[in-house]
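Chains here go by letter, A, B, C and D, matching the order in which they are written, and residues are numbered from 1 within each.
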Amino acid sequence: MGRLRGLTVMNETAPLLAERAGPERTSALMRLLVSCADRPGIVAAVSRFLFDAGANIVRSDQYSSDPSGGAFFLRMEFTLETEDRAGFPERFGLSVAERFDMTWRLWDTTQPKRIAVLVSRSDHCLTDLLWRRQRGEIEGDIVLVGSNHADSRAEAEAYGVPYHHVPVEKDRKPEAEAALLEILDGRCDLVVLARYMQVLSGDFLERVGVPVINIHHSFLPAFAGAGPHERAKERGVKLIGATAHYVTEELDAGPIIEQDVVRVSHRDDVAALVRQGADIERAVLTRAVQWHCQDRVLRHGNTTVVF
Amino acid sequence: MGRLRGLTVMNETAPLLAERAGPERTSALMRLLVSCADRPGIVAAVSRFLFDAGANIVRSDQYSSDPSGGAFFLRMEFTLETEDRAGFPERFGLSVAERFDMTWRLWDTTQPKRIAVLVSRSDHCLTDLLWRRQRGEIEGDIVLVGSNHADSRAEAEAYGVPYHHVPVEKDRKPEAEAALLEILDGRCDLVVLARYMQVLSGDFLERVGVPVINIHHSFLPAFAGAGPHERAKERGVKLIGATAHYVTEELDAGPIIEQDVVRVSHRDDVAALVRQGADIERAVLTRAVQWHCQDRVLRHGNTTVVF
Amino acid sequence: MGRLRGLTVMNETAPLLAERAGPERTSALMRLLVSCADRPGIVAAVSRFLFDAGANIVRSDQYSSDPSGGAFFLRMEFTLETEDRAGFPERFGLSVAERFDMTWRLWDTTQPKRIAVLVSRSDHCLTDLLWRRQRGEIEGDIVLVGSNHADSRAEAEAYGVPYHHVPVEKDRKPEAEAALLEILDGRCDLVVLARYMQVLSGDFLERVGVPVINIHHSFLPAFAGAGPHERAKERGVKLIGATAHYVTEELDAGPIIEQDVVRVSHRDDVAALVRQGADIERAVLTRAVQWHCQDRVLRHGNTTVVF
Amino acid sequence: MGRLRGLTVMNETAPLLAERAGPERTSALMRLLVSCADRPGIVAAVSRFLFDAGANIVRSDQYSSDPSGGAFFLRMEFTLETEDRAGFPERFGLSVAERFDMTWRLWDTTQPKRIAVLVSRSDHCLTDLLWRRQRGEIEGDIVLVGSNHADSRAEAEAYGVPYHHVPVEKDRKPEAEAALLEILDGRCDLVVLARYMQVLSGDFLERVGVPVINIHHSFLPAFAGAGPHERAKERGVKLIGATAHYVTEELDAGPIIEQDVVRVSHRDDVAALVRQGADIERAVLTRAVQWHCQDRVLRHGNTTVVF
């Protein structure tokens, strides 16, 4: 599989269609994500390949960071009959992807992404995810919850989701990360930090092998560090917000997926800021997770393309 | 040029590229809008044609109203060298559009759309359009202002735009519409009703031959008819809004292009509602005009696809 | 208790402080709501009374619909020591309220409002209310859930809230309303229609004797009647919203408490509109219920003053 | 005039009512702003004084930062007959303000605030202010424009506003500030930095003697320093915003008056971010100036109370 410097399609470590094929189906909705250096003929080549393969494109989004010499991003949603699927990924790789030196990925939507949620004490984001999953409002399965606290066990288990308590003792963080990795290993396509208050090491991020999405409070202008709501209150902010982003080794500096704000006033004390911050956090995180599960988010260096 | 029942691409009466070719240029940004019945192979055929014609696609948007049996919409932005442009539209028509029975349109962005603005007494929308045009924030030329009042002459002329005063006398509306049609005839690609308080007849709409965009107030729940701000105030609305839409013969029922709202409270009297309504009206109308000029709005029956 | 034509303070039928006095407390946060014809001296008289009574005003909001001859609205939040509370309401009535012919109401915040929730099949609003009540995010108790269906029994009971199934048989609506009234009688200070799909009769509204809050979808422009999402889709709306209002005998025409919208596009099918509509409905209803429970909403004819 | 540590009512250096009395009027709308340490009886004393003085309160807003031991803020709008105005401020000072050690200010709304606008090259904020002033949408007079560039002279003068070009030469900033101070001295009640790109010294701020409002871009999370739009683009922000604040000696750290955001996407290049940033900047600055002119903004340490 090709790879272009600075471009990464999400989820490359997740299994390909061919490896996950379930029972026979007559037709499936597939998604193809592509990034490569822009040049003429990419759309023609991809769409021609899909047409010849018997696929019907139902949605297509494309973006070039620059008309000349930029990076090219493509997301195509198409239906494919069962009998047309044998060897499909291999043929695409050989006849199209190699020619354009593409980073690419094929997803079968009948295999929803498996989500592991990590949480600490605050459970507002976890609850929202569990509740929406139950209603079928997120295109993904929550397969496990991990936490450095025992607080949310009952809640997770009420939704039928296994709960793993992995305490993080002072000075024994590497051991805790190792335990977490063992739990996550091969079991998920996405890790969601739903107010998980432990900083993950670069080593963990590399070894976990799947994308990690985080939510954090954010303000205009921002207040990094401890006590952000207290400091925002002291400054008289009129908006509080939240930012969902992919986690990179540099703390809170990864590519942004989604942001939103809510209006506050001097009448809101610090507790009210925290409460409204929680509401906007869960709304933003849920949207980011949903878009990721719909394969609508492509990374481009330290930014994102959200189709 | 093909046409599909129920589907209309905007601006079909405007001149085609070939008829408007200006002085020689080395490269131009072009836009192709397509709608037709959905079926496999459309994107492949169009993108292959563009590739063979030497075009480089810089943006592509596609939408299908239904994966099976729905309507298909496509907007492609591409650059094309001067030497590749001779006969381009004709070849596309013959080799692609006919095959799929497409309604289509090709726009050369070096020829900005010519906009005629009709206005009555309130000039907030007109001012915003003139001001943004001067700053190059709208991709279109305002070529004339028409009005049933003389009030805004000085303002239009200060921006170098000709002003036509066409009074509408009681019982002599057909004469006024005929006078307007004469002024507009062949001079514009778009008519914008920027708070023009005269209802236009179906006959006028048919004969003017270019799309007409209107702005009107809107509320949740809506108050049709006279005195909307007074009635909204009596009901205690918390949001007031504006809706920009294409004008059809049925009053205020045409396809919606853009909408937005602003928050109000019991402290806002009717005058404050009107003032804030004016702000949201001009913001929404300007966005609708801009999107139309960028060929981002396709009509689909009584709705729109906004890419 | 005085009453002015056209003005009604919410919750007049709920018990007064003196009747609900619980165990001795050293200090309590109280709220006084007043409406009357505007004239000089009202604020002076009320604040002087509170000062003499030993109260400390912590928040005060006032609104006059018109500086001359308008209606006057006042909400004061103050703390009062236990030993100062004996006879407080009676003295206020005699020495202040009668003089200005006030409609007024005194609330003791240590006695949270008792909320009855009526629901049909869709439980998104009910869930949000139950969940927030459990977290202490609503200043009120949910004391019972009533429904014409059995669907949400498990959910309500999981939160420890009694569930009353009151089927509404065709042609036997009066009997169902009578059964509901018996369940509600004396048990609640507020009825919330959380997607309760039965139209309540004027007779029911009069006999229930407490305010009734409803949530309904709303659009710009509005689509009354059946299938609103389908019709909004056909028109190409770009915003969908929700309106929370007090229920009056005229269907969906009562005073508006809160409204909000969410942005949609042509990519959202009817199911997506319904889902996003549900999200905005529960957000708006929860805010309206919260504001009502905080005694921040005063009715003024068919509109509201929200402090 | 009393003053409480850490509390400052805006505009204390502006002339009092008694000093600005114009021709005889029968009635005027007045505004009283008060801040002091919270304790029982303040509202009673103020409202009693106003009642005895013949005033009719038409709006009153109050806020306590803490029910016990906090800071108290009050804004009262009232009408007062001409014959009742003689000695009014002196009597309020002696009989009420001294007793509670108040910082206070009295404004006569018939004397609109005089605004000086400082601008550099970008004129979007200046244009919006001039345009709204002409329509009577801002409760204040723009009495002069000052700039370190000559660019906006024609625009200011077209609105009948004097333009002062005060170049700021490298290493001669003190001389430029002195020249500015001479122009501003005694001529304005408010200085608005409408994209004025020179940092003002603490000495200037002290000597100018009137509040100074600034507008600056802001992001979630914020990007301080040069090239904010470029860096925001690199991070993939989904919202861009603007913050209006009072200027203090510490750069961009003064009390926030208003903030707002607009949604952007990966399709917006840096130029589009700048353009949309300009739109939100002028909207936010105009609101902040309007609220200040309506005496709705009180400073509380490094935060604000906006009634």
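Just so we're on the same page, a contact is a pair of C-beta atoms (placed from the backbone, for glycine too) under 8 Å apart; a residue touches a chain by one contact, two chains touch by 3 or more.
Just so we're clear, the structure is a prediction, and the values are computed from it rather than from any experiment.
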>> Same or different interface residues for chain B and chain C, judged by whether over half of the residue numbers are used by both?
In response: same
>> Based on mean C-alpha positions, I'd like to know which chain lies farthest from chain A.
In response: D
> Which whole number of Å gives the spacing of the CA centres of chain C and chain D?
Replying inline: 37
> Just curious, how far off is chain C from chain B if you go by their C-alpha centres, in Å?
Replying inline: 43
>> I'd like the Å distance between the centres of chain B and chain D, where a centre is the mean of that chain's Cα atoms.
In response: 40
> Out of chain A, which residues touch more than one other chain, so two or more?
Replying inline: 63
>> Can you tell me, using the touch rule above, whether these chains form a line, ring, star, complete graph or other shape?
In response: complete
> Which of the residues in chain C come into contact with chain A in the complex?
Replying inline: 127, 131, 137, 275
> Considering the complex alone, what residue numbers of chain A touch chain B?
Replying inline: 39-44, 47-48, 50-51, 54-64, 67, 79
> Mind pulling up the chain B residues that touch chain C in the complex?
Replying inline: 63, 218-222, 224, 233-239, 241, 243, 252-253, 255-261, 265-267, 300-306
